[in-house]
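Two complexes come next, and they have one chain in common, chain A, joined by chain B in the first and chain C in the second.
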Partner chain A sequence: MGYTLNFNLIWRHFDKLSGGLLLSLELALIAIAIGIVIGLVLAVWYVSAGRVVRGIIAAYVEFIRNVPLILLVYLVFYGLPTVVDLAYSAQTSFVATLALYSGAYLVEVFRSGLEAVPRGQIDAGKAIGLTPWQRLVHVRLPTMMRITLPALSNTFISLFKDTSVASVISVPELTYGAQWINFNTFRIVEVYLVVTAMYLVTGYALLFALRLVERWYRTAR
Partner chain B sequence: MLSQILYALPFLAQGFALTLWVSLLVVVLSLIAGVILGVGLVYGPAPLRWAVRIFSDTIRGIPILVLIFFVYYGLPAVGVHLQSFWAAVLALTLFKTAQVVEYLRGAVASIPKGQSEAAMAIGLTFRQRLVYVVFPQAFRRFLPPWINGVTDAVKGSALVSLLGITDLMQAINQVIGRTYEAMPLYILGALIYFAVNYALSYASRRLEQRFAFIRD
Partner chain C sequence: MANSSNNSPALLDIAEVSKSFGSVEVLRSVGLQVAKGEVVTVIGPSGSGKTTLLRCVNFLESYDSGSIRIDGKEVGFRDGGARQRRSERDLAGMRAETGMVFQGFNLFPHLTAAGNIMLGLTKVRGKSTSEARAAAEHWLGRVGLAHKADSLPAELSGGQQQRVGIARAVAMEPKILLLDEITSALDPELVGEVLAVVRSLAEDGMTMVMVTHEMAFARDASSRIVFMADGSVSAVGPPKEVLAAETTNERLRTFLARFRASHF
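Entry: the complex of A and B
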């Protein structure tokens, strides 16, 4: 053994980690915001669409879910610019990838949520003369939201962890910060202990906060 | 373009074989470790239960990538020297083990308490209760999510490319480095991963349907 822990160099470069953590959260937040829009639109479309549209949406969902995230990240950042005339930063590229990625998971979440809305509620909406659009906005979506909130929280926390993959295209998030300190100071065990703690504390704090929101939302009306 | 990709196919096949080999090792090792720890979590004495709970919650709370780097760079620092291949297998196994523990806990918890109590009432020993009553029923709840979870091992194995191991992901990157045909090769790679994982998740869904007749 003979390894002595020395955290001094970690604290000296802690800005790499704190800044990285903030960027990780930011990436996850933007990605899930776009992902929710993708997921909602496609889920609503899916439940009312014909076979062809359903097939296309299912193909998107299954493709994303069954391919490693790192490959998707490479594909969008290194592959896509070779065939389309677009230029974007690594960060934009990663956010776009993670948004598409979360969208695929959220379609499934929202779709099963929509299907879990009790038939009676929709019929009741019909009975009081709501249009299909009003039934969607005032009846189906609010109930669906309450059903899917726990799954949505889990997706967000899992996306927060997935932002670590951004380090492979040098987006300076938390894992990238950890690697930087690893390679430049060689305080390897220390940096990964600190970073593990940072991911754990942030992740569980988020989980706790989101569970509170869920409980509040359940009892709010 | 096509000729270059055809030329690279044997190399990609080698990478794919390594991806499968890593995944297989991880799946088998984590199944063994996960079932042992999972039984410890459900039936063990309090200190063991806490230890497994902390292990599982910690591993599941951090990104796999951090776990891989921690094991790969951290072990040599404390004097443990593993080949990068085994460091990668170890890290992925830790990650999968935590998952298996949770599948097992969930499966056992889904078996009504009355089953164990009835088994106790007719005088079965602890071991007999597990082997003849709880496990055969829990198995049907365990199998579909577990098979689906194998896709996580296959997808996670793509991260070992970052340790310089020539798995499918790394093989693709190397061929792209030589041919500059980024898009066709990434799509080819995606299709290969997709084929493997889709087959697994399809099998999982079919099994779930088959076992769906079992009611509490």
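Entry: the complex of A and C
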């Protein structure tokens, strides 16, 4: 083992990593924001829809869940523009892909959350004369949010890690930054040690922050 | 047996209501009239259809035939003979005329005690937030929980939750209050505080239909008792008559004997 660790070159190019980390967070944040909208709309639609709509939504969920993310990224970035006349940047393409990807997972999360709202609460909403829409907004969704918030946090942390896939289409996020430093300095061990630590620390910080949010939400009044 | 004694049309008129769950007939041509201001208690063995009947009154359950009218208006079906289910909007409007208190309290867990009461007042009754808040505080005071207005349900005891449940129902100023085994999920020492609230509402003249296993309460607080067995009304009358030990009604006698054996 003649290898000596030398982090100097890593620190010299650290802007690639810090900038990459911020972009990773940004990608995950935008993707989950869109994913939440997709997931909520489809989940609410699913639980009140007939068989055809349910089938279509289930097909979307199953497709996304059974195709590796990296393939979806290739499909949207390289595949789609050759079929339809669309031009978009790698970053836009990746955010769209990740949003569709998280949306599929969140449909399942929200759907099971909606189904877990106790029947008695819905009865209570009916009994005071709330319309179905009012019951959804004021009874079912708030309770569903309490039930699903931990799963939502976990999804977000997964998405944060999944942003590393964007490196395959040269989006300059954290993993891409690591690759760039590796190619230009050949300090492969050092750079991946640093990047691993950055993913870990950020992941834990997110988890901690989200658990605080969950606790606040449980006791908010 | 004697029916409601006055001549004015019944506030609640249940006529020949039948309902089956699959092949099980849970309600068999049930009829019952409740006049304004009456407190009617429904007793009977479990599985006799008491709760189902109550849930039909505000159409939480549909029924297969017969009719249920409040102030002459069919609850779940459109006026006219076609037996067409009301729109969800109409149903919501009809349900707002009845209040219901549940065995499992069913408070909205994300809302405070006051918030639980205010939801219907603001969204259904169209009151402003400050009006609704004032009403919520008034009713919480009535059930002895003025100091718990800003507590979440999880911070309240079962008895307190149920009193909020009652306040939530009566704050809507319903024409009739439906109480579905409201003390069955409570620890014995908490039953009294809830029944005291019901009693004070009865004294105010609130019309109530109450499914209960609290025989002593049924005897003392109700104008009439309905005994249900196997999905039909087996006996109905003033408490003294229905609960008389020398009743000739075989089912009722068995029920009361079994009840006395297990409760006294």
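The definition used in the following text is that the second predicted complex is superposed on the first by the 220 of 221 C-alpha atoms of A that agree within 3 Å, B and C clash if a C-alpha of one lies under 4 Å from a C-alpha of the other, contacts with A are read in each partner's own complex, and residues count from 1 in each chain.
Here, contacts are C-beta pairs under 8 Å (C-beta built on N, C-alpha and C of every residue); 3 or more make two chains touch, one makes a residue touch a chain.
Not measured: the values here are computed from a predicted model.
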Chain B versus chain C as contact partner of A:Tyr3, first or second or both or neither: first
Which of chain B and chain C A:Ile188 touches, first, second, both or neither: first
Dominant toucher of chain A (residue count), chain B or chain C: B
Which of chain B and chain C A:Phe14 touches, first, second, both or neither: neither
Contacts of A:Tyr88 with chain B and chain C, given as first, second, both or neither: neither
Touched partner set for A:Ser167, first chain B, second chain C, both or neither: first
First, second, both or neither for A:Thr175, with chain B first and chain C second: first
Chain A residues within the chain B interface of the complex: 1-3, 62-63, 65-72, 74-75, 78-80, 82-83, 161-165, 167-168, 175, 178-179, 182, 186, 188-189, 192, 195-196, 199-200, 203-204
Chain C to chain A touching residues, read off their complex: 58, 60, 88-89, 91-100, 102, 104-112, 115, 119-120, 123-124, 150, 152, 165, 168-169, 172
Chain A partner contacts - residues on chain B that touch it in the complex: 58, 61-66, 69-70, 73-74, 77-79, 151, 154-159, 161-162, 169, 172-173, 176, 180, 182-183, 185-187, 189-190, 193-194, 197-198, 201
Contact footprint of chain C on chain A as seen in their complex: 118, 120-121, 123-132, 134, 138-139, 142-143, 146, 219-221
